[in-house]
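First chain A sits with chain B, and in the next complex the same chain sits with chain C.
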Partner chain A sequence: MTFHAPHIDYAGLSPVIALTAGICAVLVGGVFSARRQRLVVSVLSLTTVAVAAGLCIWQWGEREDLVAGALRLDELGLAGALIAILAAAVVIPLSWREPAAERPGSEPRHGEFQALLLSSVLGMVLLAQAQNLVVLFVSLELLSVPLYVLCGSAVRRTQSLESGLKYLIVGSLGSATLLYGLAFIYGGSGSTDFTTIRDAVGSGLTDDPLVLIGIALAATGLAFKISIAPFHQWTPDVYEGAPTPVTAFMAVATKAAAFCVFVRFFEVALGPAVDNWQPALAVLAAVSIVVGNIGALGQSSLKRLLGYSGVAQAGYMLVGIVCASALGVNALVFYLAAYTLMNLAAFAVIVVRERESGYGDGIKAFEGLGRDRPDLAWPLTIAMLALAGLPATAGFMGKLYLIEAAVDADYTWLGVAIAIGTMISLAYYLRVVAAVWMRPAAEPLAPEGAGMPAMAGGSPEADPLPSLAAATAAPRPGTRCLAILVPAWLMAGATIFFGVLPSPLVDWASHAGGALTPFLA
Partner chain B sequence: MDVTWYVVLSAVLFAIGAGGVLIRRSPLVILLCLELMLNAGNLALVAFSRAHGNEEGQVFALIVMVVAACEVVVGLGLIVAMFRRRLPLNVDEMRGLRG
Partner chain C sequence: MLHSYLPVIVFAGLGVIVGGTLAMVNGLIGPRRPSRAKDDPYECGLPSEVTRTFRFGISFYMIAMLFILFDIEVVFLYPVGVILRAAHSVFVLVEVIVFVVLLMVALIYVWRRGALDWR
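Right after this comes the complex of A and B.
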């Protein structure tokens, strides 16, 4: 017997390797550059994401199995990876001031913050390419665990800790449910590999009770991650409490990666059982559209509003999976890209306004923005109109594409549900636009300089320092932060560009859908 | 090998864990219940692995143990951070975030 060295395709794995190396470099860079940590670490992480994005583009068009079939290199996985990397590239400048030293004199924490962010991106890249139940579960956790920490990373804010713990509990509940479902699918089919499961399910297991229980539990677990309606209660709370750049990352990148694996798992591994899961997912999508849009109507915090709007948008995107056709997958990938651009533009504006006005992320903070800060008002307006699906924006093209896919797959009623959801959503998106352009600016709040009195037995973590509170609550008016404005404008510009000239993005998305064509009807 | 009883036991464990997450108020007990749910999954994986006669399920179960440990570490870290800020360790009293 001779030993055969396994064939390792380093070219196909190169984005994963680049990200892993980048995480190590960022951590080490954070340790060895105490004084200029922010600059060193940001440059290192931006270089990492740029290299990873370049390698993904280089590998575009390759279709092969990696690491003994554990990963699948194809356009769908690379599309998910590119969206996650784009989100990280925008969030790194957005978090320029976020994880700053919690008190004067203590060590800055950019190294840890960005290393965690990149770990989460690594989880997303792996998840989007996962082709095995084990890889699916491990990469989902690699994506989630750093996010739990990032949500709770503003340890001085009670809300941040609360959101971190809430996300941890709900996220782990989702993971455990998913794991139990995966165990049943393994039990029914006898394999953890997607294509082997497909063959097993296809040869007479479509109505096997083990497989059916597994499908239900796995769909529930994934629905927790992408905040589909009955499992969405954590979303607004966590979005509101987490530091805003983390919310932005969570909102777009998690959805992109989880939807990529959702589509691959259901269309490839469980494709033969399509008649069993299709109606269930259709109902989930409709419920999600209704609940998300109605929930958003009464929100006064913009982050909560975007949380509920994310629930509704997840419902729209689930329609792409329900269709179980190449057109549906194309529409889903297109919408994921459009959703990323629109949401990142909106969150970038929230990051700036949260710092400038005393109203946090409440709608009041955005009143009169059109007159005072047109450079911020325009990206926010474009993002809101695109999320509402107005023509000449990428959001409109995405909805059109999804409705077309739904009608094509004989799910016309879901197309109608998307249209009705869009109409309801105008009410709250336009409320933000009206606040920006039609109201006078709200009186700035006086900074709370006093802070809490020092008390006996006070711990350094618990007592906010008055000087720091005053410094953060009263920034100089009209601060121009190019690091945030430029991404906001780029994202808003891209939203308009792909709304007017959608063909490049449509081509890109149809490559991704094409990767699954052999498995689709 | 008949796996029915192993699967039934794992289903009972999963239900106890899920029930505990939903009704208990202490975050520490909730973490314990989450572990119970993950271990129910492990038991099912190992039982199915034995039934099918391949090792994929056992490998999966081993990896799940590592992941479970990571989750607990992060959860306990967050709980310690809350404890040091003298926040109530009771999930019913975490009402700072609501709209």
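Right after this comes the complex of A and C.
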């Protein structure tokens, strides 16, 4: 027996390799740079995402199977990877003064924070390219596990720990459901490879009970991850409790990667069974639109509001999958990109206001922002109007595109559902805009430093915080921080730019849809 | 057909001989300083019966957890043994080195963070 080294396309794998090397560098850089840790680590991780993004752009247009068919290099996967990388590139500066990474009285933890963030990005890049059941599951876990830790990383805030624990438990339930479904599909079709499953399902397995149970369980598992109602209950709690930069990352990047694999799995592997899953997903999309939009109406915390709005937006995006057409995939990818831009702009403003006003992320913290801080009020306003889908924003173009795809695929009623959902959503998005521009500023609260809870599970006297009083009494840091304002303005500017001139983004998204054309009607 | 069971018998025999010899040698030349914790039926470094107020050293669990992590990681090196004939391949060598370097990064992190200091 002679051994032949397998053929490996290192160019195709280069984004993954770059991210892996970057994670190692950030982790080691974090422990070897005691005093300048924040700077060293941020430079290392920004370099990593820049290199990874460059390599993704370099590989744009290539279409081939990687690692014995485990990964598929095409524009859809690269689009998901680029969105995840963009989210990380914005979140790294947002966490510049993140209290979760920088606790008074203990060593800074920027190395860990950003290494976990990059590990999650690595999982997303792999997930968006996965075309094998095993790779799908492993990369989904690689995406999730760092996020569980990041959600609970502000260990002195009980809400953060609660958020981490809830996400861990619900996320594990979702993963287990998905894994069970994948096992049924493997059992029914006899393969873990997407294209082989497609052939097997296409040759008379469309009504096979094993495959049907598998489809139902897999859809449920993925719906947990992208917070589709009725599997969304964790979303508002986890979004509210997690450190805000983490919430921002989780909201956009997880959705992008999970939607990419959702499309690939359902439209490539399960494409022949489209008549079985299409109506079910259509109902899920409609339920999400209703539940998300109505749930958001009563929220007074902006992070919870964006959590419910994320449920509704996931419902809109699911319409793109329901269509099972190239147009639907194009619309989905366009909307994912637009959603990333507008959500990141909104979260960047929340990060600042959470630190400088005493009201946390409550809507009171944003009252009178238009007069006091127009530099923050404009990005937030643009983001809210774009999320609501007002014309001249990327959100409007995205919704238009989705409705067009729905009508084209004979799902006109879903298009109507999107329109009705958008109308309901105006009620809560405009409430934020009204608070920003039409209310006087709320009385500033005393900073809540004195009542800071001890680390959960520790006794207060065993855990003294010498510099805590000094840290909270000092003028709030990071309020005029360019590291946050620049990304906020860039994202808001891009939201407007692609709303007025959508054609570059439309072209970009249509490449992604084109990658699946051989499998679509 | 029966002779296909021969390896099993050899394996069982070797197990009895090696295990028995080691146990015997241990009893003959090993030091004997019995203590209550050592006489427990299950010895793990902690008393097997604990009371409500019992406090344990967290360091013990830290080391144990790290051991399990690295132990499981190293299991992934075993498949290389299956393709031992390929030992001449530069490809395999590089693969193993990459794997070990990743483990090294984790070890350096653990060491610098002080997780290996016994406190």
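Some observations on this one:
The rule is simple: the second predicted complex is superposed on the first by the 482 of 521 C-alpha atoms of A that agree within 3 Å, B and C clash if a C-alpha of one lies under 4 Å from a C-alpha of the other, contacts with A are read in each partner's own complex, and residues count from 1 in each chain.
We adopt the following convention: contacts are C-beta pairs under 8 Å (C-beta built on N, C-alpha and C of every residue); 3 or more make two chains touch, one makes a residue touch a chain.
Everything numeric here is computed off the predicted structure, so don't read it as measured data.
Aligning the shared chain A places chain B and chain C next to each other free of steric conflict. In the overlay built on the shared chain, the residue A:V31 is in contact with chain C alone; chain B does not reach it. After overlaying the two complexes on the shared chain, residue contacts for A:G152 are found with chain B alone; chain C is out of touch. In the superposed three-chain model, the partner touching more residues of chain A is B, compared with the other of chain B and chain C. Remark: in the superposition on chain A the angle formed at chain A by the CA centres of chain B and chain C amounts to 40 degrees, rounded in steps of 10. By the document's definition of touching, of the two partners only chain B reaches A:E141; chain C does not.
Of the two partner chains placed by superposition, A:S503 touches none, neither chain B nor chain C. Superposition on chain A leaves chain B and chain C with their closest Cα atoms 8 Å from each other.
Within the complex, the chain A residues that touch chain B are 133-134, 137-138, 141, 145, 148-149, 152, 155, 158-159, 161-166, 168-169, 172-173, 175-177, 179-180, 182-184, 186-187, 190-192, 236-238, 240-241, 298-301, 304, 459, 461-462. If you check the complex, the residues on chain A that touch chain C are 1-3, 5, 20, 24, 27-28, 31-32.
Interface residues of chain B facing chain A in the complex, by the touch rule stated above, are 3, 7, 10, 14, 17-18, 21, 27, 30-31, 34, 37-38, 40-41, 44-45, 47-49, 51-52, 54, 56-57, 59-60, 63-64, 67, 70-71, 74-75, 77-79, 81-82, 84-87, 91, 94, 96-99.
Listing the residues of chain C that touch chain A in their complex gives 83, 85-86, 89, 91-92, 102, 105, 108-109, 112-113.
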